[in-house]
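Look at the two complexes coming up: chain A is in both, with chain B in one and chain C in the other.
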Partner chain A sequence: MRIAVASGKGGTGKTTVAVNLAVTVARSGRQVHLCDCDVEEPNAAIYLDPQLGPAVPVSTPIPVVDNDLCNHCGQCAAICEFNAIACLPRQTLVFPDLCHSCSGCWLVCPEQAITQADRVLGEVSVGSAGSIGFTQGVLRIGETVVPPLIHTVKATVRGAPWVILDAPPGTTCPAVEALRGADFALLVTEPTPFGLHDLDLAVKLARGLDIPCGIVENRAIPGRDIVDRYCAEMDLPVLARIPFTRDLAAVGSEGGLLVDADADVAAAFTQLLDELVGLEARA
Partner chain B sequence: MKLVITAQGPNPEDPVDPRFGRAAYHILFDDKAGTFTTLENQGKDAAQGAGVQAAQTIAASGAEILLTGHCGPKAFQALNAAGVSIFSGVEGRVLDAVQAWRDGRLEELNSPDGTPRH
Partner chain C sequence: MKELVVLSGKGGTGKTSVTAALAALGAGEVLADCDVDAANLHLVLGTHGEAAHPFVSGHTAVIRTDDCSDCGECARLCRFDAILAETVAGRIRFRVDPIACEGCGVCVHFCPSGAIDFPSSTCGWWGTSRTRFGALIHAALDVGAENSGKLVTLVREQARKAATAAGADLVLVDGPPGIGCPVTASLTGADLVLLVTEPSLPALHDLGRIRELARHFAVPVVVCINKCDLNPRLSDRIAEFCRDQGIPVVGRIPFDPLAGDAQIAGVSLVEFAPESPAAAALAAMWEDIRGALATAPQPKG
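Moving on, here comes the complex of A and B:
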């Protein structure tokens, strides 16, 4: 079972849910691997304190133009959908941070004037936290091309039947890359109008990718039912609720595990796992 | 000498467009012949690199001078490589901009003064 934990925006407690779920899965005796795909702000390690192997650089090919061979025909610039290459009368220029490594330019160049170089996007490290397999990716500072790094993070998982993907917040390419191939998306939200607005975007994304989804309501307040109403309307299950209390907030902000701090929350996560096991059996 | 002026409309009477890559039109002015030619900005809605694309159009038009509002770092680099001089902070109608350039009232841009948009 591959579960992506996602949210339409940051700060909803997505990582908290991913980490506590991973611990719950591991404690049930199941083999689990957590991938921190939030490569712009990876922080699952803060909660799990994993032993990590060496950080391996991840790179992507970019074009390098030999201006002595270039005849300024402009075919490379014409094929580049991303405007990453500019054919000018005396020089052909590459803008590496716009390049998406589609290979179009070096395939089309009639003069073989384009070779490839590696652009380092970030680093991936693999390790474990107790019995939990762990991978994290860290984007290089200033880098804007994220999906290939997330792809590599996901590709490090070997054999664990349960995989939990801590997806980047938002609904753009990085989130899409993290969600792709997931069996189920757990969408984390808060009971506020802003929270719901972002949740709605995340639901549409998951449905657009044909991934069934369920909701975890974080910082739930008794009597505030806007998440329930939305979920009823959208025919979505609310699979777990984490109450809003000062104690739980303090545990989270100190990098502690909610399932260790509060028996009710631990029970909620066990129930969440049961629901997921049930979903897997039915699938 | 040929100039390109970024414009909000297709005519010399239209106001200068402060954007370069995402300008509505690029108007080419031939200083010797005294003629204006309107170039549609094909890349104005590009998801990214609109300035890079526009710089190629300007270079291909044979213009050596650009009058515009702002110019981001990538467009600046491409225009520089193409030997196009940039005058930014230009306002008013396209006609006025040309006159200001003729009168030597515009200042050449030596580093990018706009933020990139991807």
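Moving on, here comes the complex of A and C:
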């Protein structure tokens, strides 16, 4: 079972849900691997304190032009949709930051004047936190191409029957890459207009990718039922609810696990796991 | 004219709520919402009179099934796993997954049958709305769409144009979380970045990374510690980090449970609870930011 933990809005508690669920799965005797796919701002390690192997650089191919071989025909610049290569009368220039690594320029070059070099996007490390397998990716500061790094993070998982993908916020390329191939999306929201507005975007994304989804309401406040009303309207199950208290906020702020701090929250996560096990059995 | 961009690294620290409060305090002559993935600022500004324009950017490949010879060259060349092979009536048929398609055109160029079209993509919309405070330039990228950085750049350009036309001396920009493409597009060339953080270890970690990104692009930053009383020890640690890095802390905003109620009422906290300690802290912060803006060096270019 591959579970993506996602949300349109940032800061709703994706990582909190991902790490507490991973611990709950592991304590139930199941083998689980957590992938921190929020490579722009990876935080899961703060909660799980994993032992990590060496950080392995992840790169993407970019063109290098041999100006001695180049005949300045301009086909490379013509095929590039991203303005990453410019063909001048005496020189062909590459702008590596704009390159999407589509390989068009070196495939089209009639003189074989373009070879490939590596642009480092970031690094990936694999390890474990107790019995929980763990992978994280870290984007290089200033880099803007994110999906290949997330792809590499996900590709490190070997054989664990339960995989939890801690996704980045938003609904564009990085979130799509994290969600792709998931069996189920747990969408984390909070009972505010911002949370709900962005939850709706996340639901559209999950449904667009054909991934069934359920909701975790975080920072729930008694009597505020806007999440319930939305979920009823959209025919979405609310699978768990985590209350807002200053004590829980303090535990989370220090990188603590809510399932260790509060018996009711631990019970909510056990019930969430039961729901997911049931979904898997029915699938 | 100056441009103040509100960012955070970590999501959910309160960028939009702080932006709305600054708008209400007088910074809101021209506003821009650059969180084009998940724009929220309009929810607390009472927008009306929207003029929306399609955001057309890039292309998407489309295979004309009737002209396709099923050779599979497109699938072999695509580096984005965007060509799906499906068996229909015993034949393999190829189709483009529009969400995965990067719009690079490699398949279009190399298809031996010339069977792939490459129409422009409409990736979302942008527009200008009126608010209680001033014009809001905002946008929404379609779910799963590409080109967030380009849309952010467009929103900032339109906001600067609107400010020039209105004779406004400030553009206030609400930015996206993270440090990737739309964030870089939001901060390059800004006069000042306000980093909104909160007292938690993840937020402190992410503050370090967004601060590095701002330094990479030589944009000056100031910091606001939001919900500072939820963990006073970590608030002090963030203040220490800022002192070590030479970053001014312009505000410490206490947690206010009414912030959620203000959002539900569709207004900023300084309007909803003007007498609250948080509103007072926000007003004091705005004075400090004005000072920082006045002394911020003119960016190059």
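Basically, the second predicted complex is superposed on the first by the 283 of 283 C-alpha atoms of A that agree within 3 Å, B and C clash if a C-alpha of one lies under 4 Å from a C-alpha of the other, contacts with A are read in each partner's own complex, and residues count from 1 in each chain.
Basically, a contact is a pair of C-beta atoms (placed from the backbone, for glycine too) under 8 Å apart; a residue touches a chain by one contact, two chains touch by 3 or more.
What you see is a predicted model; the values in this text were computed from it and never measured.
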item: Touched partner set for A:R246, first chain B, second chain C, both or neither; value: second
item: Partner chain in contact with A:R90 - chain B first, chain C second, else both or neither; value: first
item: First (chain B), second (chain C), both or neither touched by A:I215; value: neither
item: First (chain B), second (chain C), both or neither touched by A:P169; value: second
item: Chain C versus chain B, contacts on chain A by residue; value: C
item: Partner chain in contact with A:G104 - chain B first, chain C second, else both or neither; value: second
item: Contacts of A:T144 with chain B and chain C, given as first, second, both or neither; value: both
item: Partner chain in contact with A:V5 - chain B first, chain C second, else both or neither; value: neither
item: Contacts of A:L201 with chain B and chain C, given as first, second, both or neither; value: second
item: Common ground on chain A, meaning residues reached by chain C in one complex and by chain B in the other; value: 82, 144
item: Touching residues on chain A, where the partner in the complex is chain C; value: 8-12, 15, 38, 40-41, 43, 46, 79, 81-82, 100-104, 107-108, 139, 141-146, 168-176, 180, 191-194, 197-198, 201, 204-205, 208-209, 221, 224, 226, 246, 249-250, 252-255
item: Residue ranges of chain C in contact with chain A within the complex; value: 8-13, 16, 37-38, 40, 43-44, 58-59, 77, 79-80, 99-100, 102-106, 109-110, 141, 143-146, 148-149, 176-184, 198-202, 205-206, 209, 212-213, 216-217, 230-231, 234, 260, 263-264, 266
item: Complex interface listing, chain B residues touching chain A; value: 43, 46-50, 52-53, 55-56, 59-60, 74, 77-78, 81-83, 118
item: Touching residues (chain side chain A, partner chain B) in the complex; value: 74, 77, 82-84, 86-91, 93, 95, 98, 144
